[in-house]
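My structure is below; once you've seen it, I'll send some questions.
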Amino acid sequence: ACTSDNAVNVQQSTGASGGQGGYGYKIAVVTHGSAGDAFWSIVKNGVEKAGSDMGDTISYSSDGDPQKQAQLIDAAVNQKVDGLVVSMANPDALKASVEKAVAAGIPVITINSGASRSKEFGALTHIGQDEKVAGEAVGTELKNQGIKKAICVIHEAGNVGLEERCAAVASTLGAPIENLQVDINNLQSSQATIKAKLQSDTAVDGVVTLGGPVASVAAAAIGEAGSAAKLATFDLNADVAKGVQDGKILFAVDQQPYLQGYMAVTMLTQYKSNLNVLGGGQQVLTGPALVTKDNAAQIAQLAAAGTR
Amino acid sequence: MSVGIAADERVARVGLLKRVLLKPELGALLGAVLVFVFFAALSDVFRSPGGVANWLDPASTLGIMAVAVALLMIGGHFDLSAGVQTGTAAITSGLLTTYYGVNTWAALAISLALVLAIGFVNGYLVVRTGLPSFIITLGTFLMLQGLNLGITKLVTNTVQINNFDKIIGYDVLHAVFASEITIAGADFQIAILWWVVATIAGSWLLLRTRFGNWIFATGGDANAGRNVGVPVARTTITLFMITSLAAWFVGTTQIVRLTSIQAQAGFGQELIYIVAAVIGGCLLTGGFGSAVGASIGALIFGMTSQGIVYAGWDADWFKFFLGAMLLLAVLANQYIRRFAELSRR
Amino acid sequence: MSVGIAADERVARVGLLKRVLLKPELGALLGAVLVFVFFAALSDVFRSPGGVANWLDPASTLGIMAVAVALLMIGGHFDLSAGVQTGTAAITSGLLTTYYGVNTWAALAISLALVLAIGFVNGYLVVRTGLPSFIITLGTFLMLQGLNLGITKLVTNTVQINNFDKIIGYDVLHAVFASEITIAGADFQIAILWWVVATIAGSWLLLRTRFGNWIFATGGDANAGRNVGVPVARTTITLFMITSLAAWFVGTTQIVRLTSIQAQAGFGQELIYIVAAVIGGCLLTGGFGSAVGASIGALIFGMTSQGIVYAGWDADWFKFFLGAMLLLAVLANQYIRRFAELSRR
Amino acid sequence: MTDSPLLEIRDVTKTFGNVISLSGVSTTVRAGQVTCVLGDNGAGKSTLIKILSGVHQPDGGELLLDGKPVRLGSPREALDAGIATVYQDLAMVPLMAIWRNFFLGSEPTKGWGPFRRFDRATAIETTRRELLDMGIDIRDPDQPVGTLSGGERQSVAIARAVHFGARLLILDEPTSALGVKQAGVVLRYIARARDRGLGVVFITHNPHHAYPVGDRFLILNRGRSLGDFAKSELSLAELTRMMAGGAELEELAHELERDPAATGKAPQ
Amino acid sequence: MTDSPLLEIRDVTKTFGNVISLSGVSTTVRAGQVTCVLGDNGAGKSTLIKILSGVHQPDGGELLLDGKPVRLGSPREALDAGIATVYQDLAMVPLMAIWRNFFLGSEPTKGWGPFRRFDRATAIETTRRELLDMGIDIRDPDQPVGTLSGGERQSVAIARAVHFGARLLILDEPTSALGVKQAGVVLRYIARARDRGLGVVFITHNPHHAYPVGDRFLILNRGRSLGDFAKSELSLAELTRMMAGGAELEELAHELERDPAATGKAPQ
């Protein structure tokens, strides 16, 4: 018997559908997030919502390999899009392609990473901030909690963004911090690895994870290892929001990825139609905001809907 | 001129030890002992009951897959989609129950039927087209990866499915797939038990049944097999479906254990399954190998990947140590076999 | 009773078309045409000079690797470390020049020597131990991945190396590895030229030299080859070193083009090289295939991955489309060959 | 003679792409008789045999089993119809143990339902016995077939076919790799099978092997039949002559002997 | 006779693990003479041959080439010493074209430096000619060896060894898969090689093939030598008898003929 009251995840539809008619611009978004990455999936949701709100046509593509990302930018330029949104984890690698887009008269907005080089390449503005800022916020907060020794769980070896986050945490923590590598695609084994670390090094009293799914298994691992370590994480999802509410997770740092995507498209649309640039070309910050026990409840519902 | 079987003058004596060493599994077993001793010497937590329970855990799900993949490899094929299928199974069960309110058991049955169908399609295409399974399953691997993400995104608007613990009957599922058994003060996952069961079942199938004989023939020389009446096509398709069955089991274990599943789950694990099977002595070209060997391969991999953490080595070098340990394990295994073969053949 | 060669009554006539279709490369070529027509119909940018230049670009570096990997596969081996070696080469050159101030040419020579040494070790271990190359190179793959990350982290404290454009002689390097040639208003990467050169060189090596004959023999039946005096060990090692050479070239292209390199560069590409070779008709079991075929395989892959973007399909489903296109391409290829073989064999 | 032959081959034709391997070949095999197929290398003997054993399907002509047209779509169907074959390439899996190869495709089982299993003891015992019967005393039935000598391997394949051949036994050059003693054993096997009432198809290049046991002789040349004779229509000498090469051996013997004066004149 | 033989084999022993394949076997091969090695299946003939051609190294005993002890560490070394072999398993790569197989390992080249290349035209032409010489008229030298009939394949291997055998030619059962005509051609080849002054080692199960061309006969049984005879010491009848099985064939012929009354009594 199929009873739909068993459907525990069914969501309320959020937001009204996009404006009819609209501006009709063609906007390409090219990021360095790997497919299926939780953070970038929220950015994509923001981009698409803005597209439907503004009545623009969006094409979103991404590749973690800088050379391939550059080729995707070239493809967008070939298609003569009206605007381009780029995240620049490796600005040097994208320089030629971004400049080519600017030279072709396509307005470019950079998001997430690459703030320092944005202007130099000829982008209108930058939205969001480097992982560094968020990382420093986490480090500071953990320092306030009196953490003596921490581990930073990297779930994709060699990923620039993740490494930046850990490095930034280390820079403000003022206590020893060790990186630990796990495999995001095998969370069960990730849990065992985190547990192994906590079992073998009982001095660890702080755990930093860099994404929602890993935070959940880290919480479980802390419990199973009988460790008293405190857990902080980057990025949100429904489980993380709940974990924060339950006190299993100390706090989560939120860069509001949805906003990075949404605002980039909106601003390009406004620029194309009205030559407006928010902040007059200065970097627009989207965070970091700390999600703690106090505000987690409100956000949980939104995280489940994929907008926070 | 003919001599009794028991005393052929052309056969020299062979010691029991050397006979034992010749079994491929036992070479791998010695490798496993070596790895264990190595890490046990470096870290006493590693050899404590809690430590053992911890590194047996990742080895268990890997082992279940490795046994199925080993059978497939002995039958002469690869399944690159095996890892992603674990995700497909879990995502299907998760979406059906938590989003569409389908009855838990019906949902599990549907997801099982789905992955078995995928296995069937893999096998059917391989048999029908004669293309290498590597390329066929790479195609399904990519397609499933896209489907897992695309559908999860479409339905949930996020890249993961939560709240699996809220479904009806979760208690039963938890008991079957994710309960823990306390031995010597440490909690051992029930998956370890299922791993042992899978290994025994795989060995039995391979060595004691007609189907096992067909597996060896299909991988060893499909043409010769066909000529003496082995149903090569049916054997191949069944092997792919067995792999899918294992993927369903492991995927279900995962979603029950974690109560949530990600769209990318299982991606990239297919190579690790193959590695475990190969460490355990399976030939990549088919026709040779064992289920027990594959299980020991999984054990070596599990011990090594967790052992590095227990030993406290720098995480940046993790992959380096992992690679070095793997290479050492297979080389030691090989060396032992060579040594033993010097006195038999 | 003996009849002249030209008119053996047992040989039926075969049309030229069918003869042509039988070449494995031509089957793949038709697949490529199919893919091209498909995307060209969906997007006119795809078929514009700019679009062509764009999808030829990823195909070119992939193609260079695919040719080398195809030779290795024809010789009966895999190199899972091929992708990571491109990163190793680039990281070595990058670190030596930008961090240690080594002369540019000396640094390039050192990095070349290093990856050739890696290729030698791969080959030597495979030849010496008799273990499958899959497992040996998986070991070096993991080790190199760890080394690339560990050393980059150690020296730069980040995971990428920048400022390669600040080194002495960068202009020359840029002209050789990363300049662009404008044809019909579109900028074509010089790598496309090198790709053509590599394909011709690979074909020549394979079909016109003694070494090529040895490659086929090594992969087809190493034992038979050994018995008639083919230096199987030397051939195998050389093939691994050729793969390393290609990896060095591609890695250098990458760091010169991007002026920076990431520690994880090249990781995961090894499978794509193999896919390209297999789409192009190389047998996974060795002994059969062609360099031209591998190049066409790279072309199909490049067209498909960029074509999906030009067609404007949702990125979440990217992998699904990629998988479906690959499967269709190989199936079409296979179908054409079967059809042609119906009238020859 | 019974009126309806066990197997009748009518005008069978087979082409591989543009190679015509067989064209318009006919013969009959009767129960309790041996039909020999003779001919040069590449004459199409193995092709004919593969059609009889279901490996290939003919492009033209038909096969009649007990007078009824049959289509042997696969080796399995042929085996089920009681036709067992010793292939020229032996159809053995080199990595598998002798006893596993012996029973491959026709494994004896015991137990029932999910516990139905390969009856190893029976299989090993039978293998050892059947091979001993052939004069092959294997050291270890667990030895992989790939490590046997060429002749040993051939003996295993023959023993297998004899064991499973219920009505028709086909042997493609079974004696070519065998020693004199073993070849004798095989000929005796063929005679014994014949006497048990089986039909036998026997391919060989050696007329001295064919003539003693054969009842009919089908002679192929370059894919065509040169004739299909009963033993009564042919003498050994005629048979040998027909096999393209004739009494050449005798003549050759003289030719090969060198002129005695030259003997020992070994150039450095 | 010259005093120093081309090749002398002294007390050679070879074991594989616990299997003793050869023990204490000796013989000589002289230039311009044929040494035949005869024996049952599994007697160790192929093992001896593989020692002579560098595939295996003996565990005991020694080989003397021109009176000097040599160690043939690999097939390449044997080839370089002028020893060419036709292996029982032929040593051909099935997926490669005939002409590529023919010249495998000894490819003719033209051009120099980086432009040194395989001389295809010469290779194809030579292959075609050498095979025609053997009476094999191949349709297309580009055909993969795997699609040839068993006998055609054997002919290619023999033609190759004859072409490359500079001083010593070894043939392991070269005639076993051949038709009468082709077998005759091979025997003539052996005689011709002998007359050109080459030493030949010839393995066969057929005394009728061995006796006409042989000068010495080494008879093996279960890895041991039963004796090493010059032709003058042995008649064909004695040789046949020694080959375990003796004049059995004759006798067998009678045995196999059934009692005439029974003929035709074909059980249904």
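Read from first to last, the chains carry the letters A, B, C, D and E; within each, the first residue is number 1.
The rule we apply is simple: a contact is a pair of C-beta atoms (placed from the backbone, for glycine too) under 8 Å apart; a residue touches a chain by one contact, two chains touch by 3 or more.
By chain, with names taken from UniProt: B, C = Xylose transport system permease protein XylH; D, E = ATP-binding cassette domain-containing protein.
These figures come from a predicted structure and were not determined experimentally.
Novice: Could you give the fewest steps needed to travel from subunit A to subunit E through chains in contact?
Specialist: Minimal hop count between subunit A and subunit E: 2.
Novice: Touching subunit C and subunit D alike: which chains?
Specialist: Correct list: B, E.
Novice: Could you run down the chains that neighbour subunit B and subunit E together?
Specialist: Per touch definition, common to subunit B and subunit E: C, D.
Novice: Farthest chain from subunit B, comparing Cα centres?
Specialist: E
Novice: Rounded to the nearest whole Å, what is the centre-to-centre distance of subunit B and subunit D, using the mean of the C-alpha atoms as each centre?
Specialist: Chain centres of subunit B and subunit D, defined by C-alpha means, are spaced 43 Å apart.
Novice: Using mean C-alpha positions as chain centres, tell me how far subunit A is from subunit D in Å, no decimals.
Specialist: Taking the average C-alpha coordinate of subunit A and of subunit D, the gap between them is 72 Å.
Novice: State, to the nearest whole Å, the distance from the C-alpha centre of subunit A to the C-alpha centre of subunit B.
Specialist: That pair's centroid distance is 34 Å.
Novice: From the mean C-alpha coordinate of subunit D to that of subunit E, what's the distance rounded to whole Å?
Specialist: It comes to 24 Å between the two C-alpha centres.
Novice: Where does subunit D touch two or more other chains at once, residue-wise?
Specialist: Residue numbers touching two or more other chains: 19, 89, 139, 244.
Novice: Got the subunit A residues that touch at least 2 other chains?
Specialist: Residue numbers touching two or more other chains: 35, 157.
Novice: When you check subunit B against every other chain, which residues touch at least two of them?
Specialist: Subunit B, residues with two or more chain partners: 10-11, 145, 149, 153, 283, 314, 316, 318-319, 345.
Novice: Quick check: in the complex, which residue numbers of subunit D touch subunit B?
Specialist: 53, 55, 74-76, 79-80, 85, 87, 89-96, 100, 103-107, 109, 116-118, 120, 128, 135, 137-139, 147, 160
Novice: Going by the contact rule set out above, which residues of subunit B touch subunit C in the complex?
Specialist: 129-132, 134-136, 138-147, 149-150, 153-154, 271, 274-275, 278-279, 283-285, 314, 316-324, 326-327, 330-331, 334
Novice: In the complex formed with subunit C, which residues of subunit A make contact?
Specialist: 35, 44, 59-62, 65-68, 70-72, 74-75, 77-80, 90, 92-93, 95, 157-160, 163-164, 167
Novice: Which residues of subunit C touch subunit E once you look at their complex with the stated criterion?
Specialist: Within the complex, subunit C contacts subunit E at residues 2-3, 5, 8, 10-11, 204, 208-210, 212-214, 216-217, 220-221, 223-231, 283, 287-288, 345.
Novice: Give every residue of subunit E touching subunit D within the complex, in rising order.
Specialist: Those in contact with subunit D are residues 1-2, 19, 30-33, 39-43, 46, 88-89, 136, 139, 148-152, 154-155, 173, 176-184, 187-188, 191, 195-197, 205-208, 211-213, 240, 243-246, 248-249, 252-253, 255-258, 262, 264-268.
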